[in-house]
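Starting off with a structure, shown below.
All chains are identified by letter, namely A, B, C and D, in their written order; residue positions are counted from 1 within each chain.
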């Protein structure tokens, strides 16, 4: 394991400290927690937005704390959902009297811990609403199982719900628009290499020199299919088509595109993939309203990408374009 | 070699196409070149800013094209300085009558190719000025040799010279402020792994599982010293001290800090390093005015970091804070 | 089988020892069909539990179990954190007020624990989770007057055997569908250690 | 030694063949003390040169050399691109107007080329660059009435031998200071292929 760290058991604490040290005028650390909150939170009259999850997905989630996006982010241990007491602290820190909205990725751990925190917060008289993001089409959407995972599409939920909250939206209105994003966002990923949880010390899986994993998640879990590496164009085509099979995006529709790097992928490769994705969309008569290329939801030092498509209406367009001062999503 | 590409000989062309496809409303491709220019360039009455160099350093350099930073970026082949005809096209594309300013990193290839282009442009009646960035303290500063390299500090030159140009600065004023940045900016890097130029197909060097390279450049060239991996704190201390030995930064001085990832480094590790760097600066009574953490000047999929410190005065502070709409540097 | 404060503490400490010893193994089990953190989560959480138990003086078994539950809740995280916290919290509530827990009382507690676990995780038997160890053990206590140590061990290891051949439909392992068959479930294995420890104290 | 249009074209094509054949080797030489692109740069550039030469009809040697220079300039990049472009441009200018280049003329051209190269790159002999091959070859032509093929080969390979032991003070290799000693300089080696080709046509 080659990492620039001090103690594998302290990486999250060290990171959070380093984050605060980078943006002391923008964020503050809730004492005795791994919760980062906007300096000015709680903001009276504004619904508070809380997201979070395991660490190792940087810039998610702290990078999205800022005016126009989240009010607080809860950092769990690496790839491990944060505990309910931590989430509760975040909720309490950002409640400005209008309630708190939770953005949760659909993993058993995240759902359980956030829901327990929500119950505790309600017991303390704080109104809580939530959305569960499940954009990963690599996993089957079934009510008998855990269902689809939440991956990079979550960032667009942060952005749009954040803009709604910033513009004075009520808890109910934020819930509505967040649900709309979740209904219209789909993603799928692939990887060339695995990654190593610092405390585990060895990679989660290994791929041969000529292999890739299709349908990878963001926790170093193996993907859905292992096969020989193909070209960027073929990878872009496979992922884009899988998404387009899952969600009806018609000729003339407007969408946002996110080409997300999983950690070790050179940005060059993201743009190479982007070219093909845009070509496919163009050929389908789909109009790309905005494109985001970069590292938005990573998996430590995994080499790989995910593609996210979000179908937009006028409301979503406006909210997507609204200003954001979060360090990892400026617009 | 595991890469998400189509043809190793086409990566730069494919990337440039994908970049244009991502930001069609912001940048345009100068036909038959690998030059990306601001959509609205040339801007009458504004000095044009041109930077560039080999590819593989993304988001440098195209990511810094935008209002408040560069007017054009020239992309060479991977790790290879662009040719004079390409640089000339960039100069011609952004000259709005007030002349063109070139930001060049101090490598023999970059200097030669940009200087030849400048001579050609002057022959065509375009006024050209330039700055040569040489912030890397890992290399000795000597007039008998090629001298120090230009690395991540270059991004801060883009930012500050860009703000000066946007505010209507003359070629001479831009040159003055750019020279001031170069005189006050220092960087140093290290790496845990090498990287692979696509057309070469194999890594530039190899490091053992317990080794790191100190004083690494940004072209996969080996560093100055190979030794056993130490902790993040020790790495941060070594690089910061090397910089502080090279440039006088006194108690009470204001500085900007950049913790730059070289490509495959998890952002988590950048923040872990940041914590220690800020601690050292704090202990020295140095005031950190702004911190930048992220991937600004990479070396393909190299795992490693560089640290950059820039001593600020009031003018530099104002220009650093001025607005930028470049995709890779929003402020 | 009877549990008093000291035996309960011994039980949990022995469970912790087994978890610490098998930390890497549990993590390894979580890699092919999960995210490779289960051993790390459990080791961190149970270490904190033991530290907590050493700090306090306990009058009642349920007080011990409550601290176990609350420490797990705030230190384990992931899916297993709230689920293990739930089982110990349900046990706590069922056993409140008793100095010495007899087998019948423990059986009732386990029953409550399994119901709480299934409700919290929306999982039932046969979905390849920790439920598939907790549920047969609860049944064992429910249906036998005299549960001896070897029958606990026997039941727990039979349960693990079956878990291996199940297809996961809950938790992370469910993403792998048929491919999850043949793998052990990490949370089932850590549950096994908890009952192995119970059998040994 | 005499050069006409056809022999000049053959020379450059043979140089290209050697560069293509040794592309990986040149890149490998550029890895320990450079950035691992020299073979790629030279192969890309010289391939483009040959394509260009095949497209045109030439009347004069200097026209051939001019296209060589301009194509190298726009296709090689890096440090070596403008430097090789400079030597061929200086040769072009020195030999302009001649149908057949005799040895004396070629010697003058080489002399100009080396001056231009040194001026452009601000390097001189002994700094472990391509100068350390071009300069001894220019000297050879300067000081000998009759330069035969084996003397070109001999001079070029002696030059390479010496380059190996130099410490680099110019170009990327200079970053490695003492550590550059013992390595061949990639641009010196590609220059060697150019003269080896000259010796063989």
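The rule is simple: contacts are C-beta pairs under 8 Å (C-beta built on N, C-alpha and C of every residue); 3 or more make two chains touch, one makes a residue touch a chain.
Because the structure is predicted, anything quoted here is derived from the model rather than measured.
Looking at the partners of subunit A and subunit C together, they share no chain. Of all chains, the one whose mean C-alpha position sits at the greatest distance from that of subunit B is C. In terms of their C-alpha centroids, the spacing between subunit A and subunit D amounts to 54 Å.
Subunit B and subunit D have Cα centroids separated by 31 Å. A separation of 75 Å divides the Cα centre of subunit C from that of subunit D. For this pair, subunit A with subunit B, the centres built from the Cα atoms lie 29 Å apart.
Chains touching one another, given as pairs, are A-B, A-C, B-D.
Remark: subunit B residues 9, 54, 76-86, 107-109, 112-113, 116, 138-140, 144-146, 149, 197, 199-200, 204-205, 217, 219-222, 224 touch subunit D in the complex.
Residues of subunit D touching subunit B in their complex: 27, 31-37, 39-41, 44, 73-83, 120-121, 169-172, 174-177.
Of all the residues in subunit B, the ones that touch subunit A in their complex are 2-6, 11, 14-19, 21-23, 55-56, 58-59, 63, 192-193, 209, 212, 229, 231-233, 235, 259, 263-276, 278-279, 291, 293, 295, 298, 300-301, 303-305, 327, 330-331.
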